[in-house]
Structure formats: C-alpha cells, structure tokens
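Chain lettering (A, B, C and D) follows the sequence in which the chains are written, and residue indices restart at 1 in each chain.
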Amino acid sequence: MLIVMRQDATQEQIDAVIGIIGEKGCQARPIPGGERVSIGVLYNKGPLDPANFQALAGVKEAIAVTRPYKLVSREVKPHDTIVRVGNTEIGGSRFSIIGGPCAVESESLAMATAEHVKKAGADIFRGGAFKPRTSPYAFQGLGEEGLKILAKVRETFDMPVVTEVLDLAHFDMVEQYADIVQIGTRNMQNFSLLRRAGESKKSVMLKRGMSATVDEWLMAAEYIMSEGNENIILCERGVRTFVRHSRNTLDFSAIPVVRRESHLPVIIDPSHASGYRDQVLPLARAAAAVGSHGLMVEVHDMPDFAQCDGGQSLYPDQFALMCRQARAICDIFASS
Amino acid sequence: MLIVMRQDATQEQIDAVIGIIGEKGCQARPIPGGERVSIGVLYNKGPLDPANFQALAGVKEAIAVTRPYKLVSREVKPHDTIVRVGNTEIGGSRFSIIGGPCAVESESLAMATAEHVKKAGADIFRGGAFKPRTSPYAFQGLGEEGLKILAKVRETFDMPVVTEVLDLAHFDMVEQYADIVQIGTRNMQNFSLLRRAGESKKSVMLKRGMSATVDEWLMAAEYIMSEGNENIILCERGVRTFVRHSRNTLDFSAIPVVRRESHLPVIIDPSHASGYRDQVLPLARAAAAVGSHGLMVEVHDMPDFAQCDGGQSLYPDQFALMCRQARAICDIFASS
Amino acid sequence: MLIVMRQDATQEQIDAVIGIIGEKGCQARPIPGGERVSIGVLYNKGPLDPANFQALAGVKEAIAVTRPYKLVSREVKPHDTIVRVGNTEIGGSRFSIIGGPCAVESESLAMATAEHVKKAGADIFRGGAFKPRTSPYAFQGLGEEGLKILAKVRETFDMPVVTEVLDLAHFDMVEQYADIVQIGTRNMQNFSLLRRAGESKKSVMLKRGMSATVDEWLMAAEYIMSEGNENIILCERGVRTFVRHSRNTLDFSAIPVVRRESHLPVIIDPSHASGYRDQVLPLARAAAAVGSHGLMVEVHDMPDFAQCDGGQSLYPDQFALMCRQARAICDIFASS
Amino acid sequence: MLIVMRQDATQEQIDAVIGIIGEKGCQARPIPGGERVSIGVLYNKGPLDPANFQALAGVKEAIAVTRPYKLVSREVKPHDTIVRVGNTEIGGSRFSIIGGPCAVESESLAMATAEHVKKAGADIFRGGAFKPRTSPYAFQGLGEEGLKILAKVRETFDMPVVTEVLDLAHFDMVEQYADIVQIGTRNMQNFSLLRRAGESKKSVMLKRGMSATVDEWLMAAEYIMSEGNENIILCERGVRTFVRHSRNTLDFSAIPVVRRESHLPVIIDPSHASGYRDQVLPLARAAAAVGSHGLMVEVHDMPDFAQCDGGQSLYPDQFALMCRQARAICDIFASS
C-alpha cells in the first residue's frame, strides 16, 4: 500500500500514520516528494484495507499496490495449469469446446443434442440439472434425474460432463455425477460453496460474477485453491454494463489479463453473455481469436421448444459451423 | 409481451409467430401499423422470455411488458407492509435507524458500541457474526459466539438485532438468535437461501445485489414471499458503476421506484455503499430526505482499531449527529 | 506515480526504468520491499501516463498518485469560491435554486413559468434556446429569439438566467444574453468550447459528462480556469449505469468528494438525472440533504404540452413544494 | 410506442391518454388484456418521448417500440454501404486496416512509422494533428503542420489518411488535408460538428461515445446522413464500465447488432479501448473474428518515446504480426 499525505499534513499526522502502520505489523517507509510526503507500507501479510488509512487525519489517499491473491498467481506458479477431465484436458495450448442445452429437459433431448455435440467435435457436454431462475415460478430443472441423464450421456458418448451446483445441500449429489462442477455467476462469492468445492476431488468451473472485477474473481478461485483443489477452470460470461442490446457485455480484455496474472485456464461463454442466438457465433469466433482456452456454448436439438434459454441456443448445424471456425482460428496461432 | 415484426416480414412469418404464441397457451393479438405489424401476447401465466421470440424469423424485437413479480407488487397489495420486529416496527410512515459495528469482534466492543447506538436513539442493533470476505485469509467473524453476544446486547439494551446469514448450513443457528435475518448482496440470488428464509418465522432483510435491477431484486423478494414469509425489509446498498471515488454508487432513484412498485419497506445502507466515513453522514441525510423507511449504518466504539470496515465506520458522536439530522429531515415531511 | 516491479524483475530492468524516469525530467526513488521493488516517481511537472511505464519490461503495474488538476484544487485555494451572478450568488453556505422549462418554447410560456418560479422563491431562471437533441428531426430550440425572451424574463422578474451554449459559433451570442453560460453533459470534453468559456466574463455552469469521473470533470473545469475564468459552477446530473428505472443514476457521493477536492460550488440537476417527474421531488430533497450548493430543476406551466422533457418537468405547485422542503432541509444543517 | 395502463386505471384515464395521443397526430389502438389495458401508438412521425406518457394519470409504463433512425437503417437501405476512400474502400466483404501513431509528432516519426504501416500491408494511415487531451497542460498536437505531414505521407506512400477534427473552427482546414475526417468519442453528440460533417465531401469516421448506446450512435450518424453525406464509417472503441484492467471495455456484441440494424461499415479500435499494448493484439484478432469491417490501431516507430499513448502503441513488428493474423482469420470466413 502507498499512503499519500495531504500537502498541508503536519509532522504529527505523518508520525501518527507511521505509528499505526507499525501497530499492524508492517514497516513504514516515508518518501518525501516535491509537494507532499508519501508513505510506503511494506512487509504486510494479507490484505490491508486502504479505507482504514484513508480515514486517518492528514491522509489524502491510500492506494493498494500488491495483488491480494497468492496461490492462483502466476508469480507463485509460473507455468500454465492443465486440468485433466475424463479423457481430455483444459488449458495450455489446447482449445476446448463444451456444448449442450441450458437445461437437461429429458433423456431424449439430452441424447439427441449430445449426438450433435459429439459429431461436431466438441470435447465436453454441458447441461443443467439444477437451474438458477430469476423467477420462483419458472422451470427449476430435473434435479437428480437430470444428473442421471448426464451420466448416461457420458457413458454413451464417452464425453465428460459439466453441470452446475446451486447450493451446499446438493454438492455431494452433483459431485457424484459430474466431471466438472460448475459454480455459477450468482454464486461466485458464495464462500461456503467455494470452500466445499475446494475440498472436492472433481474439477471446478468458476464463472465470473456479473459485476466482479478480475481481482475478486481470482480471489474466489483462491478460496477454492486454499482448500486444496487446484483443478479450477475460470469462465468469463459477460459483465453488467449500461448496454442493452445484449444481456451482458463480454469482457474480452479479461482474457489476456487473467492469462498474465494467473496460471489457471480461462474459457468464454458467449451464450449467457449475449442472450441472443445471432450474436453467439461471432462472439465464439472472437473468443477463439482472443486467446482463451475454450468455449462453453448452448446448443439444443430443437431450440424453439426449449424450456429455458431457447433464444440463445444454437441450432445443431450452427454449432458445428462454430466448432469448425473456432478451431480454424486457433490453428492460425500455432502457425504464426 | 409485444412482438415487433420486421418491415419485410411475410404473412407466413407472422402466422408462424402467432402459432407459437398459441402453443405456449397465450393469446396473440396482431396490431397492424403504418410500417409494420406488431403482435401483442396476452393472458400469459408466468414470465415469457423475449429472447425466445426475438430469435424467430421475421421478428425485429420482442419487448417484455408486464412485470414478473406478483406477491410483492403493490398492484396485488396496495397498502404498505409494516414489519414488526421486537419492540419496534419498520415501514409505513416510520423512519427506523439501525446501527452497530461491521463485525461483532468481542463482547466488550459490542456492548460499548450498543450503548452509543441506544443513546443516539437508534431502533435496532446490527453486527456480523459470519462475515463474507473477499479474501479467504481475512477475519471471518466469531460465528455462534458472536450470535450469543448479539443476544446479550438485545437483552441488555432492549433492542432487536439484525445479523447476516451466509449459507443454508447456518440458517437454523442464526434464526435462533436474530430478530432480523439479513441476506447479503452476494446472496441476493442464492435461491436456496431465499426459499429457506421464506420458511422462517423471523423477519428478513434482503440487500440488493451489487448489479441487480429493481426487477431482479423484487423477484428475489418474491422467492421469499412465495414460501409464506411476508416480513421482508429491502435494503439498497449501492450498485457497481464506473465510479471510483466510492466503493459503489447509491441508487437513490430506486427508493421512489420500489415504493411505487411494491408494498414492502425499503431502507438504505450508506456505509457499504460508499466505503468511506466522510461520505456516510451526507448520504445518510439524503437517505432520509429521499423517502426511505430507514437507515442501516456502521458505527464502532473505536473505528481505527476495527477488524473490518473501520474506514467506513462512524465514530459514536458522528452517529449521534446523524440520527439527529436524519430524524429532523423526516419531520419536515410530516409537516409539509 | 508509483511503479511496481515484478517479483522476477532483473536489476537491468529496474535500472532501465530508472533511466527512462530520468529522461522525462523526474526523479526516481527505488523502494525495496519484501517481495519486490517499487519505484516512486517524484518532481514530475504535469501528468504522466501510467500506461507508458506499465508497458516497460519487468514492470507489473504503474499507479498514478497525484491528482492532475491544480487551479481547481482545494489544496491550491483552500476557501470556497463564491460565484456572483446578477443579484445573487452561488456557493459557500448558500443554497441556490434554479428553475424553468427545458426549452424556451414561447414568450408566454416563459413568462408564465417564470412567474411561478419567482413566486416559489427560486433564485435563477433556466431555459434552453439551443437544445442538444439525440434526433436531428426533433425540436432544436428557438435560437436567438429564445435568448431575447430570456432577457425579458430577467428584466421583468429581476432574476438572472442560465442557458446552454452548444458550440463555438454561438458562444458570443449566448454570452451576450446569459448570466450563466451552461456547458452541457455532451460537451464536457469539448475542449475548444471550454477554452472559449475560460475567456468569457460570464459565469459558467459545467455539467458533468454522462460517464466522466470526478477527476475528468475537474480537469474540464481546469481548462476553463486555466484561461482565466474562475466563476465556475459544477453541476452533477447523473451518470450512465446499468440501471433502467431512471434515465441516469445520480452520483450523490460526488458531492462530498468534489467539496473536499475543490473550492468550486457544485449543484445537482435531478430532472435530467431521473427523466421522470415522480422521482424529481425525492431526489431534490436528497440533493439538499447531501450538502450540495443548490438545485437546477425543470418546471413548466403546462408540462403535458411541453415540446421537450415534459415527462420530467414539475407542475408549478410541485416546484413550490420542492423549494419549501429543500430550504427547510438546509436549515437543519445551520442549526446542528 | 406501447402504453401499459395500471390495473386500476379508470376508463376516464384511458380515454384521456387516447385523447393526448390523438392531439399529437398519432392513432391510438387500445389492446384489452387479461389484467390491464395497453394502448398502441401508431403512425407517429418522428420520435415520441415515453416519459411524456409515463407521467400521465393511470399509466404504468410507456415503452418505445420503433427505432428512431431512418436513413442509416438497413430497413430503409438493405445493401451494405461501401465507402470509397482514395485508392481503397471500406465495407462489404473487405477487411480494412488503419495504422499509425496517436499523434503526428514530427515528419520523421510519421514517415518512419508510415513505412512500417505500408510494409505490413495496412490500407490507411492514421495520425492526430489536433489531440483531445484530458489535461490542458498536455501536448495538444502540431495543428496544421501535422496535417501537412499527413499529406506528405499520403503522397509518399500512396495511402489515404484519417485524422481527427476537434471543432467547427478547424473543420475546413482538416477537410482540406484528410481523406477521412474523424469525429472522436467525446464529440459523438457534438451536433453542430455532425451537421458540418454531413455537408462535407469527405468520408467521416464516427467513433462511438464512451457511454453511448448503439441507438444513440446510429442517431449521431443520422445527423450526418440527414445533411447529405452517406460516406460514414462507424468505429467501436470501447465503452465505460466498472472494469479497471482496461481503459474501456470493447463491446463486441455491438458489431453483429450494428450490421443487422444498419448498412454502414463498422470497424474496431482496440488501442484506445484497452489502453495497454499487451491487450491490443488479442483484441485485434477478436475484432477480425467477430465480423467487423476493419481495424484502427496505434503503432509507433519508437513507442517508448511517444508524446502520447505510447503505452498502448504497438511496436512495428507487433503491428505486422497483427496484420498477418487478422487477415488470416478473415480468410477463414470466406472459405467456410
């Protein structure tokens, strides 16, 4: 942290700040400048809250300097983490594609869609058994029946499956069936759930909160990792902005930033980000081009009759086109 | 919902849209205009997703018209809900003040602060026993020990207490001690927690999510109310914007909007909204002036030594001044 | 500026950064810490761009420390600026109310509305002669005819008038008629217009840009002041956020921040911020309570027939009520 | 527009709304539904303001239905506009690359950079002669001297040039030298400047405002087009959000939306959007993949010594790599 004193700060005020820094077990390093004194705070263990210092007499501003995360940081582990999932892996130079319906509505829908997903060359199947819905009156998913259908998809098509867990009460159940347990955007800071995921032997997909900074997102991953689970896949799914022509705004800059700051793989979900089918293909191509480690996309055997998110689900042939284009884009990097 | 067709939409496309509306059990009402046809969707039960219709051939736009909430709506219940809490109530023409430290750090801190809170004329005591922290390495609260201290505060000072519940696993415990169970901003769409709160006999304070619209916030309240609990207090605590001089931006417009749309009481938390002590008093006065049902403010016996949120906690004398000014502002309404 | 080096930065990289700092005429002060080296940049004249340094080899982050503005800063001039306008003044402990229609539509409308404004006890009359409209096909204002009507209002009711200037081409004309020349939100960074305003003998009202930080807003004021005009009134009018129930979101925190950082008076415009009449009265009261120096509010003799912004214009009796309530709220401060 | 009445609206209130619609020269079409009446507003010429209707007694909500723009709309002109610029064109299936320094600092810098730009296969040279700077004390550009250097670049390298105009006063001068006159993000709603650009014979590049919706951006283009100039290139350059790891957030969804709504070409500027060099290449690839009509990127012969925006300017070899990768990505579309 750097504490910038006011121009008119007195020596007493400066000394008081230095004293409080010492009481917190840190070392104060005053830096006299042309117009004012600044004070560096060194050797702090754990995060300090700038607001605490900003409120002291004579202080103009307190600025956080070091990043609060440790285990997820590339400074601690320089090499890319590669997450092994069933017969495939996510991370490094590999580009992974995950496809499937928003919700597992029935076995026949899941199997029909999975066949398309497999044939298009995707790596992993997705489908929701527990659905977070804004309205208590909307379809909430099939629960364990849905999970069993997912297990059948895995067995039949030899594809790992990812599905969302909504709460602690169902974690054991979801963990039993899923290859990757997904923590959704609304739960990114559900700290009990994060800790439980940290104790799991399964991989975890951590979606970015709708209004989370990259720092907060990486701190949520730190919760998981601090409990011992290193198999974490980050998923950017758009942030909330003033823009109204898409449900959210995909933050593509987050990809190079996360790749620089952390060793964890990071993929993109253009379906939930946009909310509209005709934006998904262009955004998916951009997701490949920006250097993410993969895509998670909603596809449905018959989107017009889907029980949820039909309007953003691709038709099977659109999904196949997307897979071809995304992989072709990735090949360009390899050769340039 | 209103479906606006493209200018070049064919009669076949219009008929197809009308057919799909019928299949969903609604009634289609075509409205031919000068340049294009629109189609009203009537008699729908439950929410329809505009994206489903916007993706159909020939459709330019689908626009949601009716609000998705029912029980929390003032159209369903025209009169203000007044929530009885211990020896006081929240709602109607009453202005309630809730004060206390961010976290219950110790019995002595809680008791000392409660004495100030009581003397300043506040109605309810607040204090966190379970703290949601961005970092897994930060102080996480005293847990049940903190809840017991809160019970002692209630007994000693004859003030109801409000405290946050973080997850399902601790709901029974928190419910046992608290007069008002708080659901925090990060949990606003933790639907299992909302349903559990709906089964509780205790009042619930529902904070607005950091990037939630008023519609989403009221739908979260609908989750609680649909399980039978009508004792809900809404709490605006700022939304995430590009602004950097405060932690969040308080959305004062939400107060007249919520009061028009819903019968539930709505209060304001300027402490978490701003993050800086010197903004709390001005924002608290504004909260009284804008017509909210009350305030929740952090105050600490010795903020410079607080274990969390010290920088945004008021000194006891600032809190007393705030109570005086806020109540004086409310009196102006009564007489004008 | 503070430059934070990466943990693995080499001594060569550190030296290279120090060299570049020196070439820019500043002094480098290395600060070795536990995990990494930081480098303070001292004695810089004018703003440095952190991105320039962040892009250098071995640099983790470059953080701006000092504020870029000078003349508008309270550190340079500690006492409140009070702007004299006709027979009144804005700033200090005074609370000023400005009222009038969005546009000067006709002499009769202006005179009728001005009579209400005067009777309600407002200080200054507002009315647009040149209107910035999103659509080229919408009513654009009466131009010089509107300015002449404003001059007649001033003469008849002995009230100063404020009106917006849209471009350099009309500055001389507007300046001739207005007591306060308003620079609108869309022009906050129209730097030629700002410089021209800086040469004017008239007071300037500078509205905050819809997505401007307080720093950018104060820098825009710095443009005006650097040309010699110190009679600047800042006006907060809401910022663009994801919120949809109001046109913009009023940033009340900006008021205490501006008052701490700058000596210039700052008022609030709740009409353009909200866009809806039923939000204006509550927001206006809050504007008085938060400690602003005044209000600018749209009022219209017959809002239902207004040519622009009718939906956000108060009825005359609402405006009178607002004046009473806002002044009563201000009186509370004086006595507490 | 659709006007949704309250459930408890009386017949008198409904009739009054219908009456006002008639007075505005439109036709009212009541739509009785299960719970409430809605009223369609048909045959309106020009935009109506929903707030005007929302403020009427008995009205719950007024919702704009039709888009306010005409000439720029694809409904009016279905085929892509292709803008001819010197020896090249922008639009249709062509992918254009524009490169050059932020500011024309000197003839030698411009010529050296232009040589790199040309060799990398870019189509158009960019460089600022008049710079919009947040601070009045920062380098403001070389003015006409810079324009003359641009003309020399065009002559020497046979490349059209684009440069920004800041105000009406310099439009004639800039127009004389430039092939494309750029209107910057801060001037997107500088309506006098837009009208003047509409009278120009030169092409216009219209950058999106930092917090403008796509509708507002297209309306700004409508201002230009309504004066007769159809040679407009739109440029997405990021919008302001809560995100802090990039200067702005590129709104990639805007590209498919603009391409669907309008016939005008739309390109992307990843340099100003991100503000950091290491984000530019990934974002530029994504810009090609998402289906934009081109790129505008800052490149500098010696970025570490640039007078502005050095931290976001590519090195010449990075720019060459970007051109190769972007064009290779575009080729994938052509063949799939």
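One rule holds for everything that comes next: a contact is a pair of C-beta atoms (placed from the backbone, for glycine too) under 8 Å apart; a residue touches a chain by one contact, two chains touch by 3 or more.
Note that the structure is predicted; figures quoted are calculated from it, not measured.
Centroid distances from subunit B, each centroid being the mean of CA atoms, peak for D. Of the two chain pairs examined here, A-C and C-D, it is C-D that is joined by more C-beta pairs in contact. Averaging Cα coordinates per chain places subunit C and subunit D 26 Å apart.
The distance from the centre of subunit A to the centre of subunit C, with each centre set as the mean of the Cα atoms, comes to 38 Å. In subunit A, 211, 240-242, 244, 278 are the positions where the chain touches two or more neighbouring chains simultaneously. Those residues of subunit A lying in contact with subunit B across their complex are 20, 46-47, 49-56, 68, 132-138, 166-169, 186-187, 189-193, 195, 210-211, 216, 219, 222-223, 226, 240, 247, 275-278, 303-304, 306, 308-312. Subunit D contributes residues 211, 213-214, 239, 241-246, 249-257, 260, 273-274, 278-279, 282-283, 285-291, 321, 324-325, 328-329, 332-333, 336 to its touches with subunit A in the complex. Here subunit C touches subunit A in the complex through residues 2, 4, 6-8, 29, 31, 33-36, 38, 40, 42-43, 61, 63, 65-66, 75, 240-242, 244, going by the rule given at the top.
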